[in-house]
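These are the structures in question, set out in turn.
Next, two complexes with chain A in common: one pairs it with chain B, the other with chain C.
Entry: the complex of A and B
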């Protein structure tokens, strides 16, 4: 399979109606195996040099989606196109050239690095993948370390000899070692301290500018994603419920869930913190095995009406690439909520 | 009125294989009934060790404790274990970051609360069970009669943390020490739980020590703030003062490095270069010196924690001097601090002009 499609024509990465279903053991062998759809009918596009943020609560399927996008997991339905080529079910062999171009950075720098390998060895794997000759290896490794702000002298150190922030830099250097076009970052800064978090976010930004990388930035921290992304997708129980340019999402959220998420983030400011309304939604996400009928956010939604219980809302463009899947988005007046009242669908 | 809790010049030192480690280095604060003190700081700054020491949980042959911890007038730091246990059962309760490690996985949650109640209150099993159910309802667990019979693994992370809060409340404490109570949780769950905890504390004038690295939570909850760094308190003041007029270079850099939901979207976030100090080999003098853009000759000596703002002169005439004191640990003079802070704040954080890069 060729990955050398002419640049600029197709998006770099495109997912159409992607689905990832996991079998769930129910404990009883007589019961049929049930499935949970961790990723359910997700479509998205990523252009060259673009950063797409993906946010949502734990268990909403962010990481599963990330694993599909880098093909660490094979989608159970839908289509995944990389530079116009279908890689949805491509096997390991035909994936090899793509593997180099799509890299991933994991949440836990500790667990994702092989503790028995020295930093130099960790980085050499990717460099070999892209055919760097042995005599250039040392220089390239030092260059990579410098690039991510680590001391090139530390090439023979083991991961545990670095701090958490430095280990995440090693994870980023490892991803870059293969000279990728696209890096999928799964909670890359969640494990880090505030002051270190900002350093790593800036590093990612600089690398993107320098190398023209595209990112998929998965995180639950809305403030971090806001600054790092051009567009943002909000996930809820396997679905994208809202997707829009970053500023628009934060200034004018349309989905009641997005609005609630934003309202729940405590702002680091005394006056604003006091002025903010407190809890907007209650409860926790439904169990992915027992999805509610209609809209899956309905049990927690302050705007839900009868139609929400029967019709599963689809993503609709409200202008300016701002998509939302809701019967009563926030750019419409709040519905009357008397029982039995006609629902303004 | 004497404060509920007084901590004076607390020092905690661990003997480790790699050498002596000063985890807490001269920390003092006091707390009155119904007040919320937030202790903030980065990983390894000594927040948890401070909390655990208040509860008497760092005692061991390899720990040296100095200073004083007085709860309701009685010394705890050097009190016999028996007295400590009584205080832990009745006066002070702790909520841990990871509820799973604090709950017994093979015991029903109701039974665990019953056990706590009966450890310090001579009531019958059925009476204690009734109380446990009431407590679970109070912390927002629906159908508590049924859920009390469940095991911890049958609860979500948020629900488990609610159980922990119920267990903490079971001894009708006057002080709750909460160590990162919601760090492992989603924002929506965090927001609900903090609402509940705040309401419970204000309702029954329980004092709260909230340990966190989430500046947003501090802004929302705290009456007083203690900023820790490398085991030391670098700034200690009423929350309004810390946010409006941060006086330590670390505090203002920290406040600025938090990515925000309001204001302009920026391309590069303001940061603090470098990383926190090693407590095994701390820098000499001011612990923040290696990362501080404003350090000068004197900073190789340890600066004292002291007030550089005179509350009378600073426009709070008649204010209660004790509670209003604004302490920080930096050699710079007050005018220099404010001037340098303004300069730092004007320094570039590239503002985005256009969403698509």
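Entry: the complex of A and C
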């Protein structure tokens, strides 16, 4: 079900039916009885220079997917290809040449920097592993700091001497120190003050243009990824429920969940706001240990019918590389509703 | 701060004892003067009376703190004994910290089977009371006339025997908390970032995790030195540590015990020295930790 890449561009990263399960040990018998599928049958593709946005509410498996893509977690099933090489189960040693090219920016700028190391030392690690000679090191570190908009004089400061936004810039500089092709951004701005989010997002855009990077941009907020992404994937309980080119997703959402997410984004433009659908979903995502039968969004879905309770919808292309996993996508008329509201799981 | 300075002074006096004892003491720790006499306040008194009671403190250059039943000077033995005690304390603490941190790092970082094996082994050592295990190992080495591993020969009466024994006995006390801290540190995002950059396990352990353990280790160093000095005194008191006639605070207390009622200074002098040294090391360690923590730099200006 993977999407065909546009002609001429071989995919940089390709995930096929990726799955990451966590065993849940229950009771005193240490037998893994049940599993949580944090990432369930996810396929996606990213070309060079492309940005893929991944959105979904908390706990939908976005971060688990991000950790799989950089191989900090080993997928329990499926295939992960980087430039045609299978790295799904590659061990630490054989991963090393690939590691450098796939970097990650973490969510919490406080926890992602070693508080015992000075900024210069943090940035030197990546440079040294890349083989930058010792006499070039200082200049390279200053260049990296300048690149992310920090004062190169602060090279000897400790992370706790910086503000949250500056720390995230250090995190970005560290990712760049390895000279990557692909950067996985795991909610890079959600821990930051609203006032400095835009600055950091703009920095990320500039770096992408300057360095020809590809991004996987994970966020729980559609507004943040809108202009950054070429394509956007919407996740719900470990699954991708809709994937399409960015503008198409915003203009014509097909999955009721996407529509609800979009409705939750505040729009300053009153004219645009008037035309928006007012889809509001209630309740919480189903327990990942006890998924509802059929479509996992069914208990909260305003369009759910009987078929949704029995058949798990698959991702289907609705034209223009717009994929959606729904029995009643929004480009079809609303289904005739059975008496009463959809029964909860 | 005043207390810190005071204890630093005590610690320095203790540590420098080997350097200055030659100038303060004009005789060695084992020089005995059992048949000698000493002039105290115009009267001439036996160093050791005919019924075997040694002279008390003269507060004078000779026999400052009195003599023991063999006519040896308590003050001089206190100096040389302190040197032995501190040497053993620091060597043992070094062994404990190095092995404890290494075990804790490896067990906490690799988890799984490596962790299980190391942790069970630590539990095994931990299950024995420290003093009992120390007596058992110390006595067997001393009685066996020492051990030899390859080129390293350890004679039974060497002070390295109690140092080694004490060092090994305390390893789990450091390894366990270190392991616990490593278990949580290895999940931190900065460790994952290092793995992302392509750092190997050894580099992650030494350059990412170890620096974050320094404040814990710095807390342990004075605790372990103090603990080792106390355990050395206990072992020597029980005859399993420093072997006579070598002076140590433990052997001095043991030697003075039979005369506790008539010559309490034989027990009190090394006992007080022990308390002062251990207290001084602990308070000094606290100060070092505060000074070295980069996050506490804001407090320097008070």
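Methods note: the second predicted complex is superposed on the first by the 312 of 345 C-alpha atoms of A that agree within 3 Å, B and C clash if a C-alpha of one lies under 4 Å from a C-alpha of the other, contacts with A are read in each partner's own complex, and residues count from 1 in each chain.
The criterion applied here is as follows: a contact is a pair of C-beta atoms (placed from the backbone, for glycine too) under 8 Å apart; a residue touches a chain by one contact, two chains touch by 3 or more.
What you see is a predicted model, and the numbers here were worked out from it, not measured in a lab.
Colleague: Quick one: chain B and chain C on chain A, clash or fit?
Modeller: In the arrangement built by aligning on chain A, the partners chain C and chain B fit side by side.
Colleague: Using the touch definition from the top, say if A:134 reaches chain B (first), chain C (second), both or neither.
Modeller: A:134 contacts neither chain B nor chain C.
Colleague: Now for A:163: first (chain B), second (chain C), both, or neither, which partner does it touch?
Modeller: First partner only.
Colleague: Return first, second, both or neither, reflecting whether A:333 touches chain B, chain C, both chains, or no partner chain.
Modeller: Once the two structures are laid over each other on A, A:333 reaches no partner at all.
Colleague: Tell me the contact category for A:319 with respect to chain B and chain C: first, second, both or neither.
Modeller: neither
Colleague: Which angle, to the nearest 10 degrees, do you get at the Cα centre of chain A between the Cα centres of chain B and chain C?
Modeller: Between chain B and chain C, as viewed from chain A: 80 degrees.
Colleague: I'd like to know which partner A:23 touches here: chain B for first, chain C for second, both or neither.
Modeller: So A:23 meets neither chain B nor chain C here.
Colleague: In Å, how small is the closest CA gap from chain B to chain C once the two complexes are overlaid?
Modeller: Comparing every C-alpha of chain B with every C-alpha of chain C, the smallest gap is 8 Å.
Colleague: So chain A touches chain B in one structure and chain C in the other; where do those two contact lists coincide?
Modeller: Comparing the two interfaces on chain A, one with chain B and one with chain C, no residues are shared.
Colleague: How about chain A: which of its residues touch chain B in the complex?
Modeller: Those in contact with chain B are residues 49-51, 57-58, 163-166, 193-199, 201-202, 205-206, 208-209, 220-224, 226-227, 230-231, 245-248, 250, 260-270, 272-274, 276, 278-279, 281-282, 284.
Colleague: Note which residues of chain A are touching chain C in the complex, please.
Modeller: On the chain A side, the touching residues are 67, 70, 72, 92, 95-96, 99-100, 102-104, 106-108, 111-117, 125-126, 129, 158, 160, 171, 174-175, 177-178.
Colleague: Across the complex, what residues on chain B touch chain A?
Modeller: 42-43, 156-159, 186-192, 194-195, 213-220, 239-240, 243-244, 253-255, 257-262, 265-273, 275-276, 355-357
Colleague: For chain C, which residues are in contact with chain A within the complex?
Modeller: Counting only chain C, the residues touching chain A are 188-190, 192-201, 207-208, 211-212, 214, 294-295.
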